[in-house]
Structure formats: C-alpha cells, structure tokens
C-alpha cells in the first residue's frame, strides 16, 4: 500500500518531521511518500494561508496521485481535503479530521494544543465545520514566536504544561497535539500527559490504511460525487485530467 | 465610490448579468467594475470548484484591488471571501453573506432557491459556516440541466414555483434567489412571490456601499488581522505584495 | 426618503443622541424623524422594561408611520420589532438586528459592549432569538451606576478598555457598541479599537435605507403576513386601523 | 392557596374553558380565579397579537395579583411571562412553559397539536426561546378556519388524527394539545392517543401549586431580580406600584 | 397515593436523607417508600457507577413497583430512568429530570452545585441528554474529599459560597443543589442564596404526584412503548415478568 | 494482538456473523475472540434492552478482558462502552462509535440503515450523545418483523433500497449499515450503493487495531479516569477486581 502525504506548505523541515512520524506509524508494507508544496507559506495560521495551501495541495494531488492508495493532506486544518474527496480515485483524509476521529474514540471531550495564538480561530472553525464543537473542550496555543522546525525542542515543556491545563481547567478527556510541526511529539512525551494524547500524522496514516482496507467505495452520487461536467478553462493539465477522470470513471475506479 | 466585483468563474455571460444588476442597484456616484476569472469553471456547484474559484478570486483581487473602495466576491458560496478579508485594505463581502444579511433583516427564516440539485450541499455548508442554519427553512433547486446564461428565461416559472413551495411547505419568511446566474431575477418577478425576495448581487452592492460609508475600520488584531509575516515562496508578485502591504500597513490604511 | 426612528424609552437626551448619529449617518436626501415614548422607563435593561417598550413602540408606530418609508425601533434589544414587521406597510428594523447584520459582514465572531451588567442577560437572549449565539464571542458591561445621557463622556475610556478585553481575551473579530445611549461613540473613538467597531444607530439607518431601495416586498404569506382578521376590542384607534390596513391592503401597499 | 389565571385575550368563552379545566385539575383547597383581558384580540396567533397580550397580562397582573399565591399566564406562548417573573412577589408560570415541563417528564420528544397553521411559527419560536427545540418532534395545526369557543366540539376528531400523525410520522413520544381553546380536551379524549397527552391549563395549575409549596424563593439577584430603580413616566399606577414594590421589598416578600 | 423512591446506591444514610426530605415534601395522604440498592457503590460519580446503579434500580423496580403509583429514581443523573419509563405500569421520574423541570419554571439559566469535581462531567452529560445544555450556566463542585452522609453539615457553608459564585460569575438565575446527599439542604439554607434554589428530592416527589394526578397515559406507541416481545434468557424472574406485563398489558394498565 | 468482541445479547447466530466479519476484517496476526452474553435479549432496540446489555457487557468484560489488547462492545448503540472506558486497562470501542468515525472520514453527512422502525429512536439518541447529530442525514429502518439471524438474506434488497433513498432523498454522503445482525452486508453488496458504505464490525476491528498501535495512553485524570475508590458491596468478584485494578494501577498498566 502506498500513502501520499502532501505538505501544503513550503517547509522542508516540517516535511521531514511528517515523513519520520509517518514511517514510524505505518504498518509493515506501507510505503510513505511526502511532497512539499513548491509555492505557499511556511505554515498555515489563517484562512488566507489555508486558501493558498488548499490550492497547492490540489495541484500536487493532481500531479502525483497516480499509484497512491490514499492521499493525506498533511497540515492541521486540512486545507483542500473536502475538495479533493470529490475528485480523487482513492480515499483521502487530513491531519485534523484524522486526529479528531482518534480523539472521539478515546474520550468524550478533547482539547487542542497548538503552536500559536493566532492559529486558534482557524482551528476552531475547522472543528466547527466538522460538526464537533460540542466535543471541543478548549484550544490553547503557545504565546512566543516560534522557529517552526524546532518548536518541539524549544517549547516541549511549555506544550506539556498547556496540555495539563486543558485537562485540569477545561475538562479535556483527550489531548490533540495539533499541527504538522508537532508531528511525533505525542510519542516523545508519552506518559507525561495524564489523558490519551493524539498525534495528527500517525492518526492520518493509520486511518488512511483503514480506509484503503475497508473498500467502502467512492461516491458516485451525493455531495462527494465528482463535479458535473461543464466548461472550464485555464486549469493546469493535471487538474483538468483529474476532473475528467473523476467525471468519467469513478464507478470503474472503485 | 468604486466597487470591484469579482466573478470567480469564467462565464462572461454571467459577468454581464452581474454587472447589469449591480449597476441597477448601485447608488448614484458608485462605480461598478466586474472582473471575470481567466481560469476556472463555468459556475460553482461543489467544494472542488469553490476551491478553484477562491484561488482565482484571490489572484484577481490582488491584481486589481487598487483604487477599489470595497471588493465583492460575486458568486454564491463566497469562495475566498474570508481569506480576502484578512488581507485587503478595504471592506469585502460576497453574494451569500450579503443576501443572508438582507434576509435576516426581512424575516426570521429564509429559504434558498438554487439553480441545481447538486449545489444544495455546498450552499447548506456555506449557511452553516455563517452560523445561520437555525434560520434556514430549506434549499430547493432546479432538476433539469441548465444553460447557465439563460436560466432566468428558460426556468423562470419553475423558479417561482419552487419559491412558492418554500413558503407554503417549508415555512420560509423570505426567499433568497441564489447564484450569480439569477442576478436580477428578484427584480423581474417582483410581486409574484408572496414574501420578501432577495437578490445576492443587489444585496452585496448595497451592503458594500454601507460598509464603505460606515468606516468601521479594519482588523489589526483578532482572527481577521493580516497573517503574521513569515517565509513564503512562489506566490505571484501581486499576492506577495498584497500580503506584505497588509502586514505592514493596515493601521495606516484605515 | 423618510426614516422614522422610535425611541421606546422616555429619555429625551438619548433621543437627541439617536437623532444626531442618525443624521450623521444618513444618505443625502434621507429625512430623519425621531420620536420619544411618552410612557415607559429611562432605558431598557430587563424583560419587563422591554415589554413596556415594545408596547409603546407599537403605539407610536401606529400613530406616526404614515409617510415613513421605513421604521426603526431605536433601542438595543429591538422591543416590538418582530410584531411591527407583521403589520407595518413598510420595512422595519432595530438597533440590534442592524448592528448584528453589520457585524456579520465584518468578521466571524463579535462581542457586545454594554452600559451595565444587568443588561447582559437581555442582550444574550436577543442574540439567541436571532439565531446568532454561535457568533457571539462575549458580552461585557460597565460596572458602575450610570447617568444615561452622559455615559459616553463619563465612561468612554472604560468602554474602550472593555472592547480591548473582548478582542484579547474573548476572541472577538468585531465590536458592537450596544445601546442607544452609546449612539455615535464608534465614530468618536474611531481607530482606538483594533477591530471593526459597529454602532447600532448608524447600522440601522443605513440598512433601513437599503431595505427601502431593495423593494424586496412585504409578506403576504408566511409568519410575517398580517395577523388574520378576528374579533378585537379596546385597542387604540390607531392600532386597530393599522391592523385593518395590514389585513386588507398589504398587497396593494407594496 | 389561590391561583390567579390571566387570559390575555378577550374571549370569555375561552376563559370559561380555562376556568373549568383549572378547577378540575386543582388540588382540594386551591382557589381558582380567572381574568379576561379587557383589551386585545380573540386569540393569539402572531407576534403582534402576543405583544398586545403581554401588555394586557401585565396590566391585569399588576391590578389583581394581591392575594394570589401564584400567577398563570393562560395562553399558549406565555405572553408576558418572563417580564412578570421579574416583578411579581410570587411564582408565575404559563401554559406553554408548564406543558413543556410536563412533556419533558413523560418522554424524550414531544409534538404540539395546535388550532391553526398560522400559529405554528409563533409556537416554534416559543419552544426555541425555552431552549427545547431539540426535543420538539413537530408542530401540526388545523387547516380550516375556526370558531374559537367550539373548536373542541367541531374539530375534535381532526385533532386526534393530527396527534396520531405526530406519533406515527414525526416520532413524538408525547403530545401537547396547545392553546387555551383546547383546555380540557386531553381529559375528554383520554386513551385515544397512544402516547401520554398533555394539557396546558392542568399542567400550569399543578406546576403552580408545586412552585408555591416548594418555596424556592424569588430572585434578588441574576436576570430575574427586579429591574433596577430608574426614572419612568406614564405607567399606570398599578404597574408603577408593582415595580416599586419589587424593587424595595422582594427580599421581605419571600 | 404511594411513591416508590429507589436509591440506586448502597448508602443507608443517604436513603434516610432522601426519606426525610420526601416526607417533608409530600402532600397529605402521599405514602413514601424508600429502597436502598443491595448492590453497588456508595454514591455515583462516573458512567461506570451509573451503569451499576441503573441495573440495580431496574431490579428493585421490577421487584417492588407493585402498588406504587409512581416510581422515582433517587439519584442525580437518573440512572435507569429512561429504561424504566418503557416498562413500568406507572409514571416514573428522577432527581435530575425533576430538578431541571423545577429550575426551568423558575428562571432561564440554572447552575448545578455538586458534591465533587469528578461528578461534573457525568452531570453535564445528563443535562445534555435532556437537551438543556443551552440553559445550563455552570456546574460547580466541592474540592475536598467527603463523608457522604455528613456533607451538608461539614460543607454547608462552602456549598452556599459555590452557589453565590454561580449567580455572580456564571449568570445563574436558579441554583440546583444536586445529588441525593444534599437532599433537604435547599430547605435548611432557605433565603441565603439570592436566587430560587431547587432540591432534587422534593422536586421529584411533587412532580411525581402531579404525573399521577394528570393521568396523561402511558406510551403504547413511540419510543417509550414497551420493548417488542422477543427471545430472552437469564433475566431475573421479576424483570422477565415486568417485560411481559408491559408487552401484554400497558393499554389495560392505564 | 488480541481483540475481545462482546456481543451484549444472547443470539449465537449474531455472534457468528460478528466473528466472521471480524476475522475477514482483521489484520494478519490479530486474534479475534467473540463472547455472547449469557443473559439478556435477542437484540437491542430500546433503552431498557440497552441497559440490560450494558450490564451484561460489563460483567463479560470484567471476567474476560485479561489478555485482550482492546475490547469491542459488539452491538450498535454501544451499550456500556463509556462505562468500560473508565475501568479497562486497554482501549475500548463499539460498533456505533467506530462506524461513525469511519463515516466521518468518508463524507460530511451520513445516514443509518437499521433493522427495525423501533430501533430508530435509540440510534438517534446514540448519535446525539456522540455530538454528531448535525452530520446525521437520516435513519431509515425495515418495516417488517424480522428473523434476526437471516435478515441479510431475507431483506437484503429492501436494505439496499433504503440506502438508495437515504442518498437520493435525505442527502446522505455515506451509508452506515447498522446493527450486528447486518455485519458483513456492506461487503456483500459492495458497489450497489452509490456512496461509501460502512459496516460496524469491520470499523470497530480496524479502529481497535489502530488504538492499540497508537499507544495514546489511558486516562489517569479527567472524566475517564477510574472511579474514585469508595465503599461498595454486592458486586461480582470480577467487577470488584476490575474496579480495584483500575484505581490502583492504571498508570502502571499503560
């Protein structure tokens, strides 16, 4: 099985963190490929940045999905995921969606620990779009400016403290360590947080494996069926091809 | 005052409908400029198409916002609007947001009449993202395939019937005629629907005028402040310049 | 165009604040008339006071709506607005409804800054009745007893501080300065609050102008159609006439 | 114990139905007094009518509450109830609030069977204001025009059929027969509806008795404390006296 | 009339508190019987303990309901109540359900004061299952370890302080003193809390009396009809008999 | 890895369906053990039956969890799952929770196809308890009485038709085939339903495997920490031992 992870941002150092945790998490025989967006920003904290990331993720998916058994949007907030689910010939998931699925299997209310204050509104809107606000206990974020590739090393203690406050003050049953820059942190601080602690990358890898094995089928009807055929212009050849393939062949692709 | 309307789709015929209704609605002295996306699809019905439209709208806004007093994303679903609100030096709104604001000033529960069945899920998610699901009575859409530039002529009677069913069966207090291809229809069928009837383009034009005149200020803090400065690469010069201008100058721009 | 603003309270000093801000906000050619309730209380903080204000507003509207193109209930909480929308031959809005519409066009989550602690529950219930609780970040109010006509002068600094806390601590994207006694404050403190700041009176004036120009029509069906004809007794002649006119003539009145 | 029931409408025939069912429901030793509003409409179906009824109920309560151990607003929709709870020196309830409390003790989801189509929106908003929309299965109403004093006789079979549809099609666990004109119907059709069936008048009488006996106390703080003392003018002497008594004496009145 | 109260826990001292308050609250002529679970834990704070209590309550109800006019599950959280409502030949209620019904008749938002921190999540889930989360202001609990039979004596002052904080800081209109170990406390601290204060046992006793007198009927259809007849094995004879009686005779039992 | 599946009902034929699908779904090296409740009913449709099933599941889990790496409550509705999560020394999940997690990874709104009409209320309450009602498109169930072990054979066509109606009429993006008696049906009708289709047993097996491999940790704090130590009596030795072990050793057990 081959999983394609798409980092919709330009940070190679984060892609390396993603790849490392993905390989640690994957089942034997699962191949991991990680792509880094050639255009965009260092990491996503806002809706504008997410819009850029969504577009970049779609371009990469269109170019590279061939041969992948599932695609993972490897940024918290899942930019572009819902769009890709309409057109890809295989299952797709994202770090937030997958982490929340894990959290919901481990407790009733979860908190998200994040890398900045600014990112909190964007995460809250993501949780709301997934209909899970009633299970969100809180979102807490780091205050200090950050070096995105080293945030685990520089701020690990602070992140553990934030998680403890989520449990003690906000009533969290589960902690989600959010954002690709924190990939692998749950593993390295194992046992220090007194409730189950979830990592986005490993959740996405494992749930993607499950989706592949479940063979639940792709949507030929409903709101995730491929977009109806219609005039278009100026799309990259890969995006145009992806659209055409989805419109013509999804039934056969299953 | 100059309003910049961005059709995030490639249909010149729809841009003409938008421009016509915008000019009929605007106050004396308001200049209307309508842009058509050079890349994308004919009209948006799905999340993938909305993702393409959002990116195209952002590119156009970055290139052409200079001199505009407000920007309008001229497609129902408002692709890219929340992103643009973080970076533009002027107010921004969109057809859905503006139409729902009008509807909320005219009654308690509104229905949306739309151009296709498929588009309904995307509209429902847009309404939910705006937190207004409890005021949504129903979304009804046309069944038959459509010629996007002529839908008002070909299906006008059917649209009126759908609106009447929304009132009689779904409890709608207000009807929203949704989608840029229906721009101006509310005006031409005036008096035939027994509840207040709202058009997206005229709502957006009038609310944009209001936002300009209100001088409420732009966000220098909170979740609509400009994205924090950080590394980026491969952005178009216009998008990069827009980001930089927002980060440096929003205070001064007010 | 003539707008009739009804202060459902007895405070002439507040009516003056309302009139001043309404005239500053109105478009050229818009005539502003402000009425003060002859019976009632100084300002509304509770449900009982709102009930008194709603009845007074209805009496004034019945007596004086002739010649008005739109009616504005000029107190936060909009006492009587939904009732008047069923019977008036023209559009109607209120300070809260209009301010929330403005806020929703400027950001995702808004906070309300209010003139007292006691008033907070009444405002929260008003926001909930409009289905907008999910977009309400917080309501903060002044602690000290107040001189209603001079609260802007005496407590302006404190109100700015409350607004800043709403942004910093509660995640507000927009501030609504609530209550007719604060009419015009947004204008005088412009630029001091780091997010868009909304005033109820100017919002109501501008949105009322828009409703007049939109010609969306009045409800002949649905829950805002006039009350069905039935026996009544003891109503003031003006209220009885308003009811009768609505029942007979709403179609023609459009 | 003496219970004061206030019919906020002018229909003596309905007051008689209320009084009959109240006396059948009351415990031995409970005295029932029923007042009919001298001004207003025959029965409430809309927000405007409810506003009139609320004001009439408040006037009657101010004039006649002396000597009552509890006050009941005897119309579905509870016009004025929340306002009166702030100022009366005794517990107060209303037909809807009480019927919903009964329904919630008998099952998880309830439907409301009502006397007209038009009334449905007003009832839905009342249920929503009580925060109980998630337990509302449906509201069904009679189609035909009605003779308010004889609706039980003329339309009894039709009402039973509507209730059966609520159970079979809408998933209702409990039926609420709504509106003072249906007072006593639950008793007369006992056993014909296959789920527990609730009457507003008997619910209000019994819950009022309970509130009197519970001696839970009146609010001296929070949002149901009496309105703060402030200038007023033009109130009827009885309303002014009620306000003054509440402001001065609620602690002592307990 | 005879009311059967079932303490689903093993604490005789708490059963005594329940019996004392039940007898103080009951109407003349109402007989009170209190049973203590022979198996289970001292008091319920968690879902696992509630599951044990639900099963114990069902066994006791099956064995002892004969002759009772109504059954009360006498622990906060109402373990087993919804299950018993499907099978008992008489009305059933529980401390939480009854206390919340009382609270909803006394104000808009209520807070719960509880005997421990741990119990808060279980109470919050109970309120949510009743669809009343929007009326819940807060849940506050004691910090210190407790002697369950003496918590009123040892911690009475602390409980009053918690209630005052609920009013002042959380916006509570009503206080619910939660948990059978606090039975009677509302009575003994009467007047010390500045808002109406509700006790679960007295609420349940009075509402049970009302349910008996209302004769609203039992469900023969809908989700509280008896479970459909089907194979079973290993049930205690009393539970098997209760199921069989419900399936065969509910109509006749009314 | 060993997974313990507990059928909380007495139907051996259903246990066989569960075991077959579990073994088809499990990864190589995963051992499957299925237990059937010695006491209870044939299958769960109501709250009373779920209460019996929860207790039976807890007894079985207490007796047999030793050596299991994860425990699965193998009935839709997950009776006892939240309770077991507080006390077991390993992860636990259930058919509903797991199926909904799968559904949420495959689309935005899901419908549940179930084996009877009666079961619908119980399933709706389960979805609501998980906070996922906003993603539930509908629940449709079979009308005819059923032979629980042969429902797939006898009613397979009817179940496919119900699923198609969920897609076409209710807007479902994903179908959940609900209830252990339908275990394996998704596999056998693969490709006949035009949207992704989810099975509870295979979802639970795969998600349980993921939970084991994730090593997210068990709760030592928060609402899923073990119940506080306190007096108990009459518990089975296995339940008492499970409680004691959880209270003493959860930290060490991780």
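The letters A, B, C, D, E and F name the chains in turn, as written, and every chain counts its residues from 1.
Rule of thumb we're sticking to: a residue touches a chain if its C-beta (ideal position, glycine included) is under 8 Å from a C-beta of that chain, and two chains touch if they have at least 3 such contacts.
As the structure is a computational prediction, the values presented were derived from the model and not from experiment.
K.L.:
By label order, what chains touch subunit B and subunit C together?
P.N.:
A, D
K.L.:
Can you spot which of D-F, A-B or A-F is a repeat of the B-C interface, where more than half the contact pairs line up?
P.N.:
The same interface as B-C is formed by A-F.
K.L.:
For subunit B and subunit E, let me know how many angstrom lie between their CA-based centres, rounded off.
P.N.:
Inter-chain centre distance comes to 52 Å.
K.L.:
Taking each chain's centre as its mean C-alpha position, how far apart are subunit A and subunit E in Å?
P.N.:
44
K.L.:
When the centre of a chain is set as the mean of its C-alpha atoms, what distance in Å lies between subunit D and subunit E?
P.N.:
Each chain reduced to its C-alpha mean, subunit D and subunit E end up 26 Å apart.
K.L.:
Provide the list of subunit D residues touching at least two other chains, using ranges where the numbers run on.
P.N.:
Residue numbers touching two or more other chains: 82, 85, 108-109, 121, 125, 128, 134, 171, 173, 222-223, 225.
K.L.:
If each protein chain is taken as a node and each touching pair as an edge, is the resulting graph a line, ring, star, complete or other?
P.N.:
Topology of touching chains reads as other, fitting no named class.
K.L.:
Could you run through all the chain pairs that touch each other?
P.N.:
Final set of chain pairs in contact is A-B, A-C, A-E, A-F, B-C, B-D, B-F, C-D, C-E, D-E, D-F, E-F.
K.L.:
Once bound in the complex, which stretches of subunit D touch subunit F?
P.N.:
108-109, 134, 171, 173
K.L.:
Where on subunit E is subunit A touching in the complex?
P.N.:
Touch list, subunit E to subunit A: 120-121, 125, 128, 133.
K.L.:
Which stretch or stretches of subunit E touch subunit F in the complex?
P.N.:
That would be residues 10-11, 38-43, 45-52, 54-55, 58, 80, 82-87, 116, 118, 120-122, 125, 128-129, 222-223, 225, 227-228, 230-235, 239, 243 of subunit E.
K.L.:
What does subunit C use to touch subunit B in their complex?
P.N.:
25, 27, 82, 85, 91, 93, 97-98, 100-102, 104-109, 130-132, 134-135, 167-168, 171-174, 186, 190-191, 193-199, 202-203, 206-207, 210-211, 213-225, 254
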